[in-house]
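Here the structure is laid out as structure tokens; the discussion comes afterwards.
Should a chain be cited, it is by its letter among A, B, C, D, E and F, assigned in written order, with residues numbered from 1 in that chain.
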């Protein structure tokens, strides 16, 4: 058996003998009339569908979402996608010494590192209005901000994805500000930190997140625009900065048809939208290309206009640093 | 000289000898190097462009926007549009006994009648949360609500246009609710009354309105969603109604590409959008058709997909009531 | 077993023991090589897919479309949709005292009530040309008009849906005409009554309707425009009304890309299109929302831009009448 | 003075001394307060705008549309377009021996040649139903068919343009039928002959045509679909051919958004649409390229997606025939 | 058993007992845990899916792509598409005297006939630059040009489809040039011959072609534009013809959104695009209509805007030649 | 007279008394029949239209494009745009000691600085194939590369705009590569340097550039893809790098509808497109915002989706460095 790089890297014909986390479990009835379970099993590298045929009622109860199991089986192909044919399966016990966080992808930075970086950016702000509003809202939602994903799918859909995405964007913003000194960094940093913070209300949690009713009916943009208004009121801040921060949130999707009621109308709003794009796309590209060999094309990536991408064969010569 | 139906109904060759309001006045320099004024002159029926050639500096000062003048001249055609060739022009004086409101179109209902109707609709609400929020916000912005236009152009762009449009929509909502009893009238009436109320911040005033900076950067939708949130906070209201009213405002343009960050997702939001459309379109149609004779087509109406409309020749037989 | 609200309201795990109508029956071959039947079973509340495994040739013959059967089984989930796992199934007999119309949805009004209402609207017309053409065409297609659905899916897809939709639209038109007295009610009522009448040629029948060849190649719009032309010729009517009625039919889909060769160019055409929309959408919304509990979202409704809709939890306080 | 190739070929600086036809005459008032006339003057090669300054009332009366005048002047440039500066102008008299048809472009074939070719195509039809309907409708509208333009602008907008366009299309259809023997030539020829025949009702006449009310409200497609229906009724023809011919007319614009309520659904409808396109585009291209020298680009042609076209410099070597 | 018209014409219930070619073979695992093969079996008339249940490892090895097999079974319906239920299957042997080319569709003309026709068109060119470049590139890629398909699907996706498509287009071009003498036939013929020649690099081979990496990353348009540039360099040709030929290749998809970086800007480019369209569409239409009976509609054809087409019932009366 | 900030900053009413460069000069004829000149006068800050009335033939000859003049006059408003009313005008002489380059905007970096930076980036490449192709093509077009603008309008439309834009993009690429180490900098830098180099053929020169015929018919993308192919051939380079560089050029407009025949399909192509966007947009934003005061909106910027942008009033607090 090959070295275990994670279930996301398995290919048809590989043998599986690992601990995996049950992401979801749905009951079905087979064509022979017997019940079966469709399990989605995951580790940090990805997930795979598995069928447990002739499932007893005990099985149904045991093999539920969020449980860790030990499973043996083969990877097969079903309608062009990998599927795990289960040979044996059992629940993990305390003896196995595995825990949920071992199977859930999370940001490459630790939470306290993320928080430290954001705190530093806030600390460097010179404009007191922007600084106070930003600090107030980060503090208010700090726990969720540091653990929520940035989305339910597509990009940064992992634990702490939201705040990690913010940190990456801040770093890009900093380097672009050096090249374009006309940018107001206070406004830009403030906008970046707050731009997706409404997702802590829009989404249901840090793992296997779905949309809340409020998320569906109002959306994270309107939610955060409101929060900025209320923060300003509570902090008794009244300057143009409130309106500008709200505009940055409102316009960060770039166009009406992408969900922004106003397009960017100030320099920092335009650049924020582009930075958001760059970081989201680089994240998606890296993850898609990570799964293929040089000379191959990736699967189509829906959020990148359904394109598939080529991984060059020529060797990248890295500079010594 | 024909009976004065208003400047909007004049045709090429007609003689003008009337009081008119100067809507705008812009200085230019003619091809002979002499200054001239381009005046837009209006009364309740419409407006006309006029050129005042060889304008002295006195003229420039006198014939400014918001002044009433007495003018004689001929209606001519310039590049397909009516233009008034001025023969004589003078400022109106107190002796002339004319006032600005004589020349400005306003809603067919008096302000107190409008207020009375809206009050009645609010009064009939059974849901206390919706009733209190609606009443609070109407009261907060009452003066502007009752005098502002509904838009700077296209439809209901006259004094009290905003509140008059709301009253018409409420009447349609009432009759549709009788036909579709599944509608929640409290929610629907509340949504209608508040849907465009953000325009009192988005626009600059009741006459010759333009967009404020806040209007341009945030828009009346986000402004009002915020106000509802703040009203709920002040009134200590916490139910689902707050979110539903906010959703009605957010979605009343119907689609992302028309400026709504969320499409309608509840029954009342969908119907509110359609009622808004009906009243705006009927207003535009009536005004366009009012200017042509039976058997003719109107000018193209930009906000109606740039269509022109036909006025039938067959006689409409009205029922005796 | 819970009180039988109809198959459309069943959920996974429910037991079924009812009479149902076979909507369609298609033969397949299972992965074990044995034939099976895929049945769509319906009652007035909706339908459900069922698999009959190991079907004999007798079964194939017996369990054909339009037959009523008595079935026992469980509701299971297959790929996200309900499926009935059949335990026992038999054809209904005369003894069971059930008939096809018990299982087919139809309009909430009786046919004679519908006819009476339409007759009344025609009777009130003052313009003899419009009245005669309308009466002539209603009479010519009366049977089909009163029993056909308004569409094969999406909205009013039930027995008498076509004429019931017309009656609802007439009622809306009447109330809007009171609010907008500039509308010519004769033209508007005539247009409403005739607007979809071409569907009696476009569709194949009143139950399980499909498109005829003529329907596919010409469409109900062109079919009815022709019929109006021919009616006018037979009745020796020659006024502008013929062209206007034809225009109302031609333009009632609103835009070229929605199948109207001409957009609405008269006031009544514009309002007819909007009324058509309101009634179709309210019908779809009510049916979708009827299937979910307060606090839930409906399935996506394809014909409503694929949106799903939320059913509020707050209680609607109905006025006493 | 250069050899007179026609006003459409003149360039800035050229001297004009010719007979021209007044296409339209519109009165204006100059910035010095004096009346002037804006004349559009044409010959077969194109047209030019001219200003007649200080026009007397006599001038206004004399220099009206459809009059032939003798004019001297210079071609100048005004806002990027040619304009004729008039030095002298007078009405042509009988002595001048010029007539309107000298100045109006017409098809390269004589009317009787066109009619002969169409008659031959009809004669060769084998299907009696298609032949009789086609012949009936050609005969009914023969005069207008042979003199009307194919459009008010864009392509074949000259006397007999409609029937000349049909003849060109028939010739293409014939050669394509030899290459694709699966095509039914009777249906295709019938469809081509009738496809735009509704324009004899849609347009106002053979010279300076505009749209009639019926043309605007119904369109030539619906008009002709009706006429085919009525012809079939009068001739007591009942076969599938009636529906197929109507479908060819309905679908000949190719897509809903181009005004066809149904897209082509039979082979001959698809090819008819493409032949129509080819002939219209070749006509527009030839006319645009005819006005420029090798190595130049034409003006943008609106109906060809606003493209401009290059005229190659390399010599075309023509084969000896 | 009915006369064998080919697998593409079979209907549910038909018995199969024939030689067929395995187009592709994919292994799966059934719900009972046993492996099976999904085979696509083809002959010249089309293809059909087949399942081989309980496949042994021997089966997997034997029944691979490009093998010819003898199979018996029934045509059944699975999710609306035909599927072959295999009763017996074996590999064909030499004794069976069948060869791959018996099962692969190819152009209706022999390769040498195609080459002869193209050679004749090249021979007739008068412009030496165009002639030399065209001849050079045809010669360079002759083998692939004569055997490759024109596409991997949609139209002319058969052996020699590429060159056969070119011959058809040349014939259309010739007949159109007679009707529109302004066309430069040398340029047009050269453009047609080269327009898709880049596909010999874009695609992988003549049978079961897929896209090469170069094909995906550069596309046949850029590949051929480069080749023309290089050919001109090698042949030391320097005239405008090089640029014009390159423009014809660049623009032959007609619009940017269809993959042409430049739209057609010379007459011959515009007509080339239209001829390409006609031949591709006629090919798709004939193939789709060939599979249905008169009075029926075809399946939806994706590349024809997803339309389905009607096959008329009326008899086509063919002229005696 | 206020301090001369350049003609682009003048407002209505300002007095002008300066040297300016004639950008273009077009002759017209005034309504009084006398000739006049329309001059576009420019300096580094922008340009202004001026009318020279009653122009003699001497004037026409003297005041031609590329001449420097001394002019006195007033800034007036004509149809919403600034216009200069000329009082006196004369040609500059040697005595005036002014030269063309004083009036033409150019990049903020000197040519030798630009060249040095690009040379450094090429020098640092590790991949010899990419390095050699890049160096070869930069050398081949060095003069034009260093002086041409990046476009004829919209962004970087000044002397050396093309190479300056490249340098800015390289700097962004460098900082992003630090944040995203998966990027291949050799490929990315090579692609950036070459991406717009085809403009040296597409455009006519470094000042007042227009499109060449080759530019219009082939475009800078196809031109450069060809040049890379030829460079590789000359340098006898054969690796995957050639295809990858060509793909980067082909795809740098991002989408087919924006002129890229292939969308980005490798990581570096995607990021190159985004970097191009950022630099172009920042350039346009800075120039538009530079012309307005805090609290104002800019004119609409066509290439930025026709948006206008707001310049905040709040003070930007710059960090001490």
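Following the convention adopted for this analysis, contacts are C-beta pairs under 8 Å (C-beta built on N, C-alpha and C of every residue); 3 or more make two chains touch, one makes a residue touch a chain.
Since this is a predicted model, take the numbers as computed values, not measurements.
The chains that touch both subunit C and subunit F are A, B, D, E. As a whole-number value, the distance joining the C-alpha centres of subunit B and subunit F reads 43 Å. Separation between the centroids of subunit A and subunit F, computed from CA atoms only, is 39 Å. The set of subunit F residues touching two or more other chains comprises 31-32, 213, 216-217, 244, 265-266, 297, 310. Contacts between chains form some other arrangement here, matching none of path, ring, star or all-to-all. Checking each pair of chains for touch leaves A-B, A-C, A-E, A-F, B-C, B-D, B-F, C-D, C-E, D-E, D-F, E-F.
Across the interface of their complex, subunit A is touched by residues 213-214, 216-219, 221-222, 225-226, 229-230, 233, 243-244, 246-247, 250, 256-262, 265-266 of subunit B. If you check the complex, the residues on subunit A that touch subunit E are 30-32, 36, 51, 53, 74, 76-78, 83, 85, 295, 297, 310. Here subunit A touches subunit C in the complex through residues 26-29, 31-33, 213, 216-217, going by the rule given at the top.
Within the complex, the subunit D residues that touch subunit E are 124, 126-127, 129, 168, 171-172, 175-176, 178-180, 182, 184-187, 239-241, 244, 255, 263-267, 270-271, 274, 277-278, 281-282, 285-286, 289, 297, 304-305, 307-314, 316-319.
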